[in-house]
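Paired with chain B in one complex and with chain C in the other, chain A is shared by the two complexes that follow.
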Partner chain A sequence: MSLITERSKISPFMVFYIIMSMQIGVGVLGFQRIIAQTAGHDAWISVLVAGAGGHLILALMYWILQKANGDFIHLHHQLFGRWLGNVLLLALTIYFASMSFVVLRTYIEVIQVWMFPDLRTWEFALAFLLLCLYITRNGFRVVVGVCFFCLIIPFYLLFTFGSVLEYTNFRQLLPVLDHPLPSILKAAKEMTLTMLGYETILLFYPFLKNGQQSSKWGHAALLSTTLFYTLLTVLTLAYFSEKQLQRQVWATLTMWKMVEMPFIERFEYIGIANWLLVILPNVCLGLWCSSRLCTHIFPIQQKYALLVITCICFAAIIAVQDRTGVNTINEVISKVGFYFLYAWIPFLAILTYVRTKRRDAQ
Partner chain B sequence: MASPTESICKILTLLKRSRDFQTKVYQNQSSGQSVSVFYIESLVDIDMMVKYLYPYLIHYPFTSLQHLADVLPLEDAHLSSAPRDVQQKLLEGYLAIQLIEQDDLVLLVKAQKKIERTLTIPEVEFSVVGPKESFIESLETNLHLVRKRIPSERLTVNLFRVGSLSQTKLAVVYVDGIADPENVQTVIQRIQTIEFDEVIDSSYIVQIICDNRHSLFPQLLDTERPDRVAAVLAEGKVAVMVDGSPHALIGPTTLVEFFSSFEDYFSNWIIASFFRLIRLFSVAFSILITPIYVATLNYHYELIPKDLLGTLITSRKEIPFPPIIEVLFLELTIELLREAGARLPTKVGQTIGIVGGIVIGTASVEAGLTSNVLLILVALAALASFTTPVYKMGNTIRLLRFPFLLFAEMWGLLGVAFCFCILMTHLLSLTSLGRPFLSPLFPPRWGDWKDAFIRLPFSEQAKRPLSLRPKQPLRFNSDKAKAKRDIENIDE
Partner chain C sequence: MKRTALLWIALVAALLSGCLRKEILDDISIESAIGLDDAGASKIRGTVLIPIYKKEETTNKTLTSVSISVNDLLEELQHQASEPLVNGSIEILLYGKRLAEKGIFPFVDHFHRDASIGTGLYLAVVDGTAERLLKGHYGRQGNAIYLSNLLKHNIEQRDIPKTNLHLFLKAYYADGQDPFLPYIRRAGKNVYIQGIALFRGDRVVDYIQRNDLFFFKILTDAYTEGTHTLRIDHNLYISIKNIATSRNISFSGSQTQPHVHIHLSLEGVVREYKPTPFSPSIRPLIERQFEKEIKKKTSELIKRFQQQQIDPIGIGEWAKSHYRRFRYRDFYRRYRDLPVHVTADVRIRDTGIIE
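Up next, the complex of A and B:
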C-alpha cells in the first residue's frame, strides 16, 4: 500500500462521482417491476428504506476503514490470519469480478432485446472488455476519469423523463403505506442490486488524498442516487398502472418511448446507446477492484491479474445463454451483495470493535 | 590526444576541404607583421569585414591579438585557444585571426551574415483585430518580439543547442516566480535528452519531447503569434522557441486551449464565449455527423420522424451503395481536395477548390453516386473542422471521424458511443508535460472554467489557471479591477 504515490492519489470529492457512477448501472433500466411486485405502489418507500440502509452500511465501512488505517485487505489478514484471510479475499475478488460480469451480460441482453437481436454476445463482450482493459491498464486516475465523465455526460437523460409527466397520474400512489411493513422491507432488499456499488470504497480508499474527509461526499453520492431512484420510481408508478408495470421488464426503456422531439423519435435507441457510458464505470471499477485484491493474494502484477480476470469474465459471459440465465445471475449476485453488505460488513465491524477494545485493554 | 596547436591546425585543414572556406594573409603596414584571416565565405558579412576590420588589420599598429581585440569596434571579438570553440565559431560565421602561423591562439571576430525576412502578419492564426506581428525564422528576432511585450527582469531565457548535426539553437522561455519550476524542469530535462541529428523546426521538438508519441493529439500548442506567447507566459506556462522556426511551442497545454483562438481575447467576453461555444459545437458536429448518418440509415431509421425520413429516402432512392461506401467516397473526396489545395500554390489551389467542390459535388449527385443530403452533411462537417483555430488540431479532428465511421457501420449508435468511450479514455490518459491534458474538465477545476469553454471578463480572470500550479496564483487585485470608475470615485 505504501506504493501509492501522492501524485496518483485523487481528491476526496471525487468519491461522489465514483460511488454515484458505480451505483447507477444497468439496474435502473428495469428495477421498478421487481420492487413493485412486492411493495406495489408503495415501492418508492422501499427505495428510501434501502437508501437509509445504505447510509448506515457506508458509515460502518468508513468506521472500519478508519480503525484499519484505510487498509481493508490488511485488516482481513490481521483478523483471520494469512490463510483464512486470503480465502475470504478470494471470495471478494470473485464477488467484484462477477459484478462486472453480471452488469455487462445484462446490458448485452438489453441490447439484444431492444436494439440488435442478432448481436453476437461474444463479439460485443470482447470489444467491451478490451476497452475496459485499456482503461484499467492506464491506472486508477483514468478509471476515476471515466467514472466522472460517465456520470456527467449521460446526465441530460434525466430531463427526458420530463416528457412522461403529461401522461402520469399521481393518484395511483395513494393510499400511502398501503402495504405491510414486511413486504416493504422485502422490496427494499430487492433494491440491493440496483443500490450496489458503494462497497468499492473499501478498496479504493487508500487512493484518496484524505480518506475520512471523503465520507461526506460518499454519503452525498448515496443520497443523490437514492433521490434519483425514488424520483424514477414515483414517476414509473404514476405512469404505469400496477398491472401494466408487471408486464414491463425494462420499465425505464418503455418510458423513453414517450420522448418526442421534432428530429428524433424512438428515443430508447439513444438511451440504450448512451447507457454504454453508464455501465462502463461499473465494469471497469469492478475489474479494477478484483485485480487489486488479486495482487494481495497472489504474487502477481496488477496488469496480469486484470488480464486473467477479464478472460474469466469473458468466458462467463458467453456461458450465459438466455434470458433465464441472465435472470439467475442477477438474482444470485443480488443475494450475495445483500449478505456481503448487511451481514459481512457488520460482522467485520464487531470484530474490529472487539479487537480495538482488547488492544486498548492491553 | 593531439596538442592544441595541432588541433587548431587540424580543424583549419579539415575546413579547407570546402571551397567556400577562405584564408587571406595581409601585411600590416605599420609593423610589417603578417596576419592570416580565416572564414567561411558563405556565412560571413563581407561588407562588415571590409569596412570595419581591414582598416585595423592593415593600418593600425597593434602589438598583440589582445590589443587588436580591445580596439576593434565590433560586437564580439575575443581570444580563444580551444579548438572546439574555434571550430564552432567559424561555422557560425566568425572570423579567426592568427598572428603567427601555427599559433595556438586566435582572435575570433563576429561578422555573421544575417539574412532574414521581415515581420509579416500571422497567416495561420490570422485575427481581424489585435496585433499583426508574427514570428519569423530568426530566434533573436522572435525573442525580441516576446521580450518587448514582457519588459521584466523575471522573464528568463535558457539557451540550449539540440541536434548533433544541426546544432540548432533553442530557447526555453518562462517568467520566473510565476511558472511552476517543475514544469520548467520537465521541459529542460526533455530537451537535454533529445537524441536527433538534424532539428529543422519546432514541430520536430514537439514530436520528440511530447508525452505520448503515438497519440493523434498534439500535446504542445504551437503558435506563430508573439502576443499569444507573451499572454500565456504571464499565465505561468513555458514556451520553447527554436531557431529557424516561425512557430513557438507552449506547454503545458490542455485540450480546450486548442479550441480557443487568440482573437477571443480581443473582443467582448460575451461574443468571445459565443464563438468558443460555436467552435466546440462544430468540432462535435464535424466528428459525429457522418457516423450518425451511417448509424441511423443502417440500423435505426425508426429514429427519424416520418417527414424527414421521406426526404432522406427520396434523396437516396437512386444510390447503388450502402451508406458507408457513400460516406467514405465523399469524405475521401473532401480530403483529396484539401490535400491538393494544400500542396498547390495559393492561386491554383483556389481553382482546384472551386472545380472540385462545385463540379465533383454536383456531378456525383447527378450521376446518382451520392445523395445530396449527405453532400450537405459532409461539406458542413468539413467546414466545421476548419473552424479549429490550431491547424494541427484541425487535422486531428478530420482524421478522428474515420474510426467513428467504422464503429457506426458495425454497431450503429452503440458503436458511436463505444468509439466515444475509447476516445475519452485516450484523452484521459494523455498528459502535457506531465499535467493532465483534459484539465479543467478532469481533474475538475471549476476555477479554471472562467477561461475554458467560455471566457469571462478580464476582471474575473484574476487567478492564474490552477492546473499550471503557478507560484504566484494571483495576476492582479480583483477588487480594484472590479471597482467602479465613476467621476466621484476618481480622486480616492
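Up next, the complex of A and C:
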C-alpha cells in the first residue's frame, strides 16, 4: 500500500460533493423515456427502488473497505493473487476510463444535435480532454475542488424547472402502482446508468481522513441524488403524455424549451452550455480512478498513465460516429455498471466475509 | 519545454473550436410566423413572415412558395431571401382551414423535431387561408407579435383555453384526449378569434362558436376569467365575470359500465346588471339560473363531442387515472353512449364597488 500523506487527504464531508457530482451526468438529460418505457407513469417508483438499491450497495462497499483496511486494490491482490488480481483490476481500469469516454461522447452528441451541428467531435473532445488532463494531473485534491464547484455552480438550473409547472398535470401519475412489479424492477435496472458514480468511493477511500466517518455523507449524497431524480421524473411524467414522452430523446432538454425569459429566447442553450460543468467532474474523476488503478498494475507513474488513458479515450470518442453508436456504448456501460455493482460487489463481500471468518477461526 | 508544447496544443484546439458557423443577428432574417395552406395534390403553400424592424414601427415582409414538405418549403424560400432564414424565434404557426381538415400532423412534425424551436409557440387554424391573413398589416409591432398577443391575453384573461405547441402535441399523442386549437379569421384590417377548432387525431372535424367558448373553457381548463352575460328575463341581463373555476370529473360504476360525473364550480363577480338596480335578495336566483345555464350548455357540448367521437376534454385521460389496468379502446367503443352527468355550483362573491 502506497502511503498517502496527510496533506493530500480530504475531509470526510467532501464525499457528499464527490459522489453527487459524479452521479449527476449526461444520463439526467434523457433517462425518463427509458424508464417510462417499461414502468409508464409508475417510473418514479422505479427511481426510488434504484435509489434504495444504491444505498444497499454503498453500505456493502463501506463494509468491504472497512474489512480491507480501506485498500480496495490490495484486497484484489489478497483475494485473487497477484496475477488474477491484476487482470480484474485492469478490467476495472477500463471500466472507469470508459465511463469518462461515454459521458463525454454523449455530451458531444447533445451539443451536435441541439446547438452546433457542424461541431467536429474531435475538436471538442481534444479541448475538453486537455482541460481534464490539466485538472487531473494536479492530483486528487484538485479533482475534488472541481467536483465541489461543478455541483454548486449549476445548482440554479434546478429552479428553471419551475416554469414547466404551469403545464404539469399530476393526476397523470394516478393510479399509483398500476404496473406489475417486474416492470417496475426492470425500469429500476434501467436507472443504473443514471445512478452510476458512487462506486468511485472504492478508489478514493484511502484519500479520506477518517474514512468510515464519511459513510453518512456518502449516503446523504446518494439520497439527495435519488430525490432529485424522483422530483425530475415526477415533473416529466406530469408534463408529457405517455406516448409523447416516448418520442423525446432528451426529455429534460425538451422541458427547457418551455422556459421563457425576456432576455433569452431559447433557454436550453444556456442549460446545455452549463451542463459542461456538470460532466467535467464525471470525466475528471473517471480518468483519475483509472490512472490510479494503472499505477498499481504496471510500474508506471500516475501522470504518464493518465496521458495514455486520455489518448485512448480520445481515440475511442472519435471512433463512435452516430446516434446508434452512442446508444450502444451507453447500453454497454449501463450493463457493465449494473453487474459490477449488483453482482461483483456482493460477490466480493461474500469472499471478504468468508476470509475474515476463516481468519478468526484460525 | 513540455509545458510550452501543451500550451500550443491548447491554443490550437481553442482556435479550431471557434471555427463554427455563427449566426449574427444583423445578418439573418428571423422568421416570426409561418402559415401553411393546402395547395392540392398533397402539396402545401407556405407563407413565411419576416419582421423588418424600423425606427418607427415594424413592417412585415412575406415570402410564399409551394412545396411537398415543410422542410423543403423552407429550403425553397431560402432562394428568395437575401439573408439566411432562421426559425429560432417563431411566435405562431397558422394552418389554413382546408389543410386543417385534411390533417396537419405531417406539417407539425418539422417544428417538433427542430431543436431551435420552442414548444411555447402558438398554433391556430385560420378561417380562409393563412396566406391572406399573414399578408395583412396589423399593429405597430409586426403581425406575429400582434397575433401572439391576441391569443395570449385571451388565454390568460378571457375564454380561450390554454394552448401551444406542447399542449397540442401532448393531446395528439395522448390516447384519451383530442387536441383543439384557436380558430381565427381576418376581417378587413383586423383579426378576430372566431372560436375553437376541434380535432379528431390531426384533422379538424368541428368548430365551437364564440358564444360557446365560455362553457368550453370551463370544461377543458381549470381557470378562466371569462365573462358571461346571462339573460334572466326577457329584458333583464346580468354580466358575471368569472374569478375562479374548478372542475372535477369523477367516475362511478365498473370500468365496463362507467358513469361520468362532471362537477363545475364557479366563483364570480357581478360586472353589469340592467335595467333595475341589483338587490342582494335576487342573488340566489341568479346563482341557480346560472347553474342551470352551465348545465344545459355544457351538456349540449358534451353530447356534440360524443356524437363526433371526439374527446377534447380528455375524459379518457381522467378515466385512466381513475381505473386500474385501464383500456382506452373499450372506453371509446362505448364513448358515444356514455352517460355524462353535469352539475354546477355557482357562487357570486361580490357585486363590484356598488350595491
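What we mean here is this: the second predicted complex is superposed on the first by the 360 of 362 C-alpha atoms of A that agree within 3 Å, B and C clash if a C-alpha of one lies under 4 Å from a C-alpha of the other, contacts with A are read in each partner's own complex, and residues count from 1 in each chain.
Assume a residue touches a chain if its C-beta (ideal position, glycine included) is under 8 Å from a C-beta of that chain, and two chains touch if they have at least 3 such contacts.
The shown structure was predicted, so the numbers you read here are calculated from the model rather than taken from an experiment.
In the overlay built on the shared chain, the residue A:F228 is in contact with neither chain B nor chain C.
By the touch criterion defined above, A:L126 lies against chain C but remains apart from chain B after alignment on the C-alpha atoms of chain A. In the superposed pair of complexes, A:W63 makes contact with neither chain B nor chain C. Of the two partner chains placed around the shared chain by superposition, chain C is the only one that A:Q172 touches, whereas chain B remains out of contact. In the superposition on chain A, A:F80 makes contact with neither chain B nor chain C. Of the two partner chains, chain B is the only one that A:L280 touches; chain C does not reach it.
Contacts of A:K257 after superposition: chain C is touched, whereas chain B is not reached. In the superposition on chain A, A:F298 contacts neither chain B nor chain C.
When the two complexes are overlaid on their common chain A, residue A:S241 makes contact with chain C while staying clear of chain B. Shared interface residues of chain A (contacting chain B in one complex, chain C in the other): 115-116, 119, 124, 127, 134, 265-266.
By the touch criterion given at the top, residues 113-116, 118-120, 123-124, 126-127, 130, 134, 167, 171-175, 178, 240-244, 247, 254, 257-258, 260, 265-266, 268 of chain A touch chain C in their complex.
Within the complex formed with chain A, the residues of chain C that make contact are 6, 9-10, 13-14, 16-17, 20-21, 88-89, 115-120, 162, 166-167, 169-175, 177, 317-318, 321-326.
Here chain B touches chain A in the complex through residues 299-300, 302-305, 308, 411-414, 416-418, 420-422, 424-425, 428-429, 438, 441-444, going by the rule given at the top. Listed in rising order, the residues of chain A touching chain B in the complex are 10-11, 14, 111, 115-116, 119, 124, 127-128, 131, 134-135, 138-139, 141-142, 145-146, 148-149, 262-266, 269-270, 272-274, 276-277, 280.
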